[in-house]
Amino acid sequence: MYVSEIKVKVRYAETDKMGYCHHGNYAQYFEMGRTELMRDLGISYKAIEDLGVMMPVLELKTKFLMPAYYDDELTIKTSLKDYPGARVKFHYEVFKKDGKRISIAETTLVFVDGKTMKPIKPPVFLLDKVKDLLN
Amino acid sequence: MYVSEIKVKVRYAETDKMGYCHHGNYAQYFEMGRTELMRDLGISYKAIEDLGVMMPVLELKTKFLMPAYYDDELTIKTSLKDYPGARVKFHYEVFKKDGKRISIAETTLVFVDGKTMKPIKPPVFLLDKVKDLLN
Amino acid sequence: MYVSEIKVKVRYAETDKMGYCHHGNYAQYFEMGRTELMRDLGISYKAIEDLGVMMPVLELKTKFLMPAYYDDELTIKTSLKDYPGARVKFHYEVFKKDGKRISIAETTLVFVDGKTMKPIKPPVFLLDKVKDLLN
Amino acid sequence: MYVSEIKVKVRYAETDKMGYCHHGNYAQYFEMGRTELMRDLGISYKAIEDLGVMMPVLELKTKFLMPAYYDDELTIKTSLKDYPGARVKFHYEVFKKDGKRISIAETTLVFVDGKTMKPIKPPVFLLDKVKDLLN
């Protein structure tokens, strides 16, 4: 298992009339988390797209345990537990500064050919890098 | 079971560089769906909040079966299958104009006191309206 | 001058901790307004992009006269006053249900070649349709 | 004049089908910029709201000189040139990593009483801090 960590500060625009960071924003935080996990691996998600490979999200599951508020600094821990096939699953945990875990989530993405939008095998260089990581 | 239906047109700002309606926007569509389901019941979500009751989202599960694109008109079908307790679960299906189902989802919300943010029983008038509906 | 009109209901996700519809959302409303104005002209913005012409925004000016709140139904009036050159200017007014005007704005867009991203003349069919309209 | 600086990385969700960072996101970047300028002054915007003072945006003017793309690191320079009255004006410049300026903007905000939403004078402690800064 490999864990990557980013910090995100809740934007004013992301709050809702309850004062909560609206739950819809978390999908963006998770996306930022997996971008950075891939960067940790030496893989730029932008470079993958430039190769004509896209990674749309197939499934998103999120539990919201506690709210986050404006200007809270959140830590997003993104982890990769399994070797990717045509699909790849990322796991997320969101923590507040005081260490309280406020959300857990997972997303399943699929590798697709950017032109045909049909599922393909993940690029070899990506698998090689993941192999090093998970061993 | 009661099913409510709304139409949403994908905004340009909601697309991403793949040309897809970004998956993070669906949480907003589901929220709009349950607002209208409640309005169908004669319940304004705004009125519930004015009574000091809030309904944060505890859990969100979404499957993305096919992408939606800019200017696509989507139909969001929101359904309520079970009588609400402290928690209430909504189910969603998203369809394109050609009838293809592109997403299924469910959210679990909790009734909380707007001041203490502690779970409470749902307002009686709301339960009465749901009872009529589900029978 | 030609005026087009759309209705938008403020989404919960669009509110902020003041309870206001966050001012950042208005750019999306204006974009929806000009999409519909063009549709009124018989022009699909999607079709323009399919022709390889894009219309990025060069300038946005907005005045926020009064706040909008969750679930408010807003009317966006979008107008085209001048014949487009390489640039085209749209004007917007936002009204609440009680007729109060809550925002005025204008945006300047430019026609660009989708490949080179360099400014180009607007498509002739578009100019023809606008000519009919403004006369 | 006082200038504050933040870095923002363009999120995937913030791109649109042109591949651009959608122009509507910039309002959020400017808001983040002024939050940090105020923090530089030793003023938490959250603390101001806790005192019952709110600062809605009255006017926003933005020029988009060049597009930003996914994963671009942007520098937002926020400056305060004039001593605030009931209104306060912030100026913004957005730069890419290569030093190119891609946007300039200004926003006018007003101090209001959080209960009555009527304009009020800015809090004295805020004026004192600004005075030190601009001298």
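Labels A, B, C and D are assigned to the chains in the order they are written; within every chain, residues are numbered from 1.
FYI, a residue touches a chain if its C-beta (ideal position, glycine included) is under 8 Å from a C-beta of that chain, and two chains touch if they have at least 3 such contacts.
Source: prediction; values computed, not measured.
Asks: Could you see whether C-D or A-C has the larger number of C-beta contact pairs?
Replies: Answer to which pair has more contacts is C-D.
Asks: Averaging each chain's C-alpha atoms to get its centre, pick out the one most distant from chain D.
Replies: The most remote chain is B.
Asks: Where the CA atoms of chain A average out and where those of chain D average out, how many Å apart are those spots?
Replies: So the centroids are 28 Å from each other.
Asks: With chain centres defined as C-alpha means, what is the inter-centre distance between chain A and chain C in Å?
Replies: Measuring from centre to centre gives 33 Å for this pair.
Asks: Approximately how many whole Å separate the CA-defined centres of chain C and chain D?
Replies: 24
Asks: Identify all positions of chain A at which a residue touches two or more other chains, and write them in rising order.
Replies: Residues 12-13, 17, 24, 27-28, 31, 70 of chain A touch two or more partner chains.
Asks: Mind pulling up the chain A residues that touch chain C in the complex?
Replies: Residues 12-13, 15-17, 19, 22, 24, 69-70 of chain A touch chain C in their complex.
Asks: Could you please specify the touching residues of chain C with respect to chain B in the complex?
Replies: It comes out as residues 9, 11-13, 27-28, 31-32, 35, 44-46, 70-71.
Asks: Chain B touches which residues of chain A in the complex?
Replies: Per the stated touch rule, the residues are 17-18, 20, 23-25, 27-28, 31, 49, 54, 56-64, 67, 114, 117.
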